[in-house]
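Both complexes shown next keep subunit A, but they swap its partner, so subunit B is in the first and subunit C is in the second.
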Partner chain A sequence: MAYMIERIERLRAFAQHISFVILMYGGRFGINLGPAVPCFACPFVTGCGGYCYLMGLQGFIGFGMSAAAAGSLWLFTALGWMVVFIVLVALLGKIWCGWLCPFGLVQDWLSALRRKLGVRERKISLQTAQYLGYVKYFFLGYLIIIPPLVTAEILPPDFYLPFCSICPGKSLLPLFVGETRYLALDYTNNITFALSLTLLIFTGITLVGMFFKERFFCIFCPLLALIHLLKPLSGLRLVKNISACTGCGNCRRICPMDIEAVYLEQKKADVQTAECLNCFQCAETCPSDAALGIDFYRFRLFSSSRSHTINTIAWLGKQK
Partner chain B sequence: MPFIFKTSFPVILLALSTSLRADTPELDAICWWKMIGQTAAQDSAQDMGMSATLKLDCPADKNASGKVEVYYRIRPWERVDNVLKYGPPKVFRKFLETNENPSILDFYSGQYENIEVWAKAKINGKTYFSGTVFNNYARGEKDNPHSKSSKTSKVSEAVSSMPQWPILGISRYPNFYYVQTGQSITLESSGFSPETVRVYQDKKSVAVIHNQEGQFQYTPPHDAELSKLKFSDYKDLVFIADLPSNAGQVSFYLPLHRSYRGQTDLKGGLMVLAGSILLALGWVVLKNRSFRWRT
Partner chain C sequence: MSDQKQMSRQIRLVEKTAGKMAQESAETLAWLRARDDYLQGFDYFLDLAEKGFDPQSSDSVREKAGRPLIYLLCIQAPLELIHAAGFHPFKIFSGSFAAGNLSAHGLPTLICPLMRSILGAMQMTGNKEEQPWILPTTCDWVVKFPEMMKLFGAAEQRLHWLELPHIKEARESQGLWLDEMVKLKGFLEQLSGRKISRNALLDSIAVYHRAWQALSRLVSLRRQGLLSSAWFLLITNTFFLGKAENWTAALEKLLPTLPCSVNSAKRRIFLAGSPIFFPNFKLPRLLEEAGLCVTGDDICSGERLFPGGVSFKDSSVFGLIEALAQRYHQGCLCPTFADNQRRIRNIEAQAEHFDGVVFHVLKGCHPYDLESYTIESGLKKQGIKFIRLETDHASEDSQNLLTRLEAYSHTLPSSGLRPPSPRERGEGNNSPHPLAEEGRGEGIRCT
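For the complex of A and B:
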């Protein structure tokens, strides 16, 4: 199985590493992709090449609700960035998660390390995964509801970036540019202390989780939830031809998010679930002709085939 | 209990009022700038600007008539080779009337600007020099009028340079943006050489700092009340020095903000992180039936 996915994994890993360099260090070379990047391009990384849209969204919802923002050019700019985010999601969908997210790559590095050490992946039961799947919507709700309450001065100002304050990306990604300050406890006041403590506990749990479970953080990622909510706008689809499926179960076994729906689906052609990262490993490893395909609007980008799978194995044989 | 409350309440009130007043007479007797507002201001034509309002507190502003000469220097931040640098300064002069209440100056910036303001007032035979420096942050890229109208004086005139008045000013500060608690401020006097500088924080006398080779160093302590406010909120920090021969006083005002990340503990944070990693690791190991793949 590992050999079968080697080719697409290399292509994906290449895209991830290029994206990692651009989004983490791009600012040092004058690259600025703006505040609407639909993946964890953390603004707390000095010299980053773009900002995760979650931060922009929190600021937009918070400050955008204030009287000062009404009718201002700032508001129009913020709306403009929202449009940019929607366009980026419409164009690439969850490619941002599976192929371009720097935090996703960090997770993949930890998984690779686990495999090298011969430690097996810890699987989450179907029921637990179902419950955990709701957590990302909780986080999305949290980061949307809290900023207006701060603007209305119902909550103290230290909640002004509620999700960033507890996001493990904020503590872990700056380590790649040598910044450890977000691993500190903040004693400024009770709220900053509680938020920094929560951040550190989340970071610890996430680090261990990412090691034992592939793409552990993606289970909770509110950006994944947000991108999924925009799914009707996105033209990228994972499509199943039920009649061609032999039920071999490759798609279920290979999925880093342990998605069962692609394997189990017997009615709908569209099998892209909320958890899907568009890594396309399922389509790549599917040995049945046209059983799984990747569509971009009406265009078929990739179609699973027996010959492709055999060619991949043969190509890998030559590489060896 | 009610009896104790009834009898002690007026005493507490009296003590509170005297303690609050105890430190204020010196500030009441001199001229000093006070920032009474600094807010992001909407400007649909120029994006988001920032407006700051300064008030000059003088002892005789209600009773005696007189002119206060005010100079202000505005240095815009310009982007040169993708680095923010101070652009060429512009200096202006205007006059305020001491008998007008309040004596207010408004500064509106459509781009990043550093603003220094100095005033000279002669009241009851004494001369008071008052200074302050602050930054206005704005998002606009285009140049903007240097200042909006002042309600109390004539239109300002452009002059070539600042006057050579005796002043107190910042000579070294680690933070470029805000003056924060917990960070050391180094002041320097120019045009006079005082032995001591008195420090008032939120109208209360907090320290007397001594001249050390022409410099005065003060580190404002962290303030629990300020720490609960927004980063943009501030308290008044006033430095006062006497002019020779009892000729008057020089004051220097800074809006003091809460520390941005000065009250953090990396070692404690790393311990919490290590603890949570160990707990999570323990949970995973205990829950796993078999830790490694079977070979």
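For the complex of A and C:
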């Protein structure tokens, strides 16, 4: 059962698919958006249309720390791309996660398959989810700390791009261009073997997780953590009018990340949390007039309403 | 008095009451039919009411619904789940004064008039069959209802209790309620002898979603003051008396024929509080006589008829039951909940559509009675006019109520214009974001 619903959700699905084609196959048509794309546009996909900034960041931190980089054009370009990344995040915020990320779309496909099969979604308990929420910061720390250690020759060069070598995006996304080589174990030495084995294990866990739990990988995504850290720069916000909320719980149930804060918030208007992907499904299914809204700086992009919700779930009647 | 004498007296009394009940119903129906705003489209609902409120009601309803009935009290049992199991959810209610009098002798003086009326009306049918019932533990009257029913000579009934957790925003409560829903599914499956399939559940959700869509359109017309509350209540009251699909079809047919001119001379009010049930349309009648137009309500026989708008993404059987459980529990504004601060917000959030609030308390309906004070103080802080009317199904106090309502109507600002509340004027503004006001702007500002 396709979850293509009216307006926002339909628009989002459209944006996701267009973005998937551009970021995965764009290089084949001469499109390259550069190395500062704030989503999982995996550089290991041959002919991709842009590179995930996590790779650029690891390279920048690693090589940028070396004496060779000091004052070089390379450093200047790398800083330039960092600025581009920050501008892109400031402009679109987590739209990158919910609307444009190719890996996000793959997860949504698997969820759609699960729904079609009538398999129940597995929920992660609130407490576990709280602990798992820290994992993405751990990965972010890991990919920032390891590269300088490689540069300082404390760790062997096999640890270059430490996150990429264990990222399930690297093993799964190239499958869409027919490349299976990142699923193989690398026997070069003990370290490459350990890293490629970890990658395989992570891939397995992620695949199973993505099928049973919506947006499973996003719980651990260090890029989501990085974008969230830049939240003060971004103007896109999910806002709640507490007085209009009747507490029906639609927002919490519909949320792919099972965020509770939007439902529970009783004081402040800003309800955009670290886990939020800005998919705006909550705003779309909120049946109270003007209870949830999407703001871009002072501009109101969308306001929830009963009439919109009726249309949003009208597809139910059309099913079967 | 000998037993035989008592029996024959009781039989005479029942016969007499049946006559009175029929008269009450006929009077209300005649009043509705004779109205200026009567339309042919209302006939379906008038017909349902006429047959459905007959003391032999369950037979008529059973015929109309075309499936076995499950009796319900209150609005927390998911209609979709019952429908998916092949039953027709039949919410029991009665607003008959005569029926209430029949059972008054064996009950406390101050009892919920609705319960009294139901217990009276049930004596009409003899009530000798075993019926499946689903009862959520809402207020004390509902909890004690089966015991009372037994005292009045009802046969052993097949009861299924739903333990309703009264702190609806606590995680534990929500878990408990979900368990109750799974148990309810088991009960329904045992009754029907077959499993509730995913497709049946999806179909039922679609049926009630369509009904909710039609009801929402009716509500939006009402917000603009285009529909009398008497008709609105007739339509919502008859929802359980026939097939939901037919009700929806009749309503969809009626909607385009409704007039679109608005009487701006009338003051608009929000009707809150205890439910109003056919044939007792005293309050809507008096409100109209006092020149008040109801543009919204939060009563459980009106706009809160059923929650509707069940949205979900997980369409497995468990996912659907979870969605239903949450919608019927967390979205419910019944005053029996302990954490009900959202109820007053619900009224405030709609402030642009009315000039004042009329709070209806059925004498003996303690939860609403108590809550009226909280709501009064909350609304007055916002500068919203409030009146509390305590009444029951008797008609003796009509003149008294009318005088009060007329006086109240004079205190209201003219339609559409309400003096800005302290909050709107920016005094005592504690809201953290300009948005808090933004949603409630248009239509209130004085021009």
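Criterion: the second predicted complex is superposed on the first by the 303 of 320 C-alpha atoms of A that agree within 3 Å, B and C clash if a C-alpha of one lies under 4 Å from a C-alpha of the other, contacts with A are read in each partner's own complex, and residues count from 1 in each chain.
Operating definition for what follows: contacts are C-beta pairs under 8 Å (C-beta built on N, C-alpha and C of every residue); 3 or more make two chains touch, one makes a residue touch a chain.
Here the structure is a predicted model, which is why all the values come from computation and not from measurement.
By the touch criterion stated above, A:Gln130 is placed in contact with neither subunit B nor subunit C. Of the two partner chains, subunit C is the only one that A:Gly247 touches; subunit B does not reach it. In the superposed model, A:Lys267 makes contact with subunit C only, not with subunit B. With both structures placed on the common chain, the touch criterion links A:Gly118 to subunit B and to subunit C.
Within the superposed three-chain arrangement, the count of touched residues of subunit A is higher for C, of the candidates subunit B and subunit C.
Using the contact criterion defined above for the overlaid structures, shared-chain residue A:Leu185 touches subunit B, although it does not reach subunit C. Of the two partner chains, neither subunit B nor subunit C is touched by A:Asn32. In the superposition on chain A, contact is made by A:Thr309 with subunit C only, not with subunit B.
By the touch criterion stated above, A:Asp289 is placed in contact with subunit C alone, subunit B being left untouched. Comparing the two complexes, residues 118-120 of subunit A contact subunit B in one case and subunit C in the other. Listed in rising order, the residues of subunit B touching subunit A in the complex are 39-44, 46-48, 82, 139, 222, 224, 227-231, 258-259, 261-266, 268-270, 272-277, 279-281, 284, 287-288, 290-293, 295.
In the complex of the two chains, the subunit C residues touching subunit A come out as 168-169, 171, 198-199, 202-203, 205-206, 209-210, 212-213, 216, 220, 307, 309-319, 322-323, 326-327, 330-331, 333, 342, 345-346, 348-349, 431-433, 435-436, 438-440.
Only residues 1, 3, 111, 115, 118-121, 126, 214, 239, 241-250, 252-254, 256, 264, 267-270, 281, 285, 287-291, 293, 295, 300, 303, 306-307, 309-310, 312-314, 316-317, 319-320 of subunit A touch subunit C when the two sit together in their complex.
Partner subunit B is touched in their complex by these residues of subunit A: 30, 68-74, 77, 118-120, 122, 156-157, 171, 180-181, 183-189, 192, 196-197, 200-201, 203-205, 207-209, 212.
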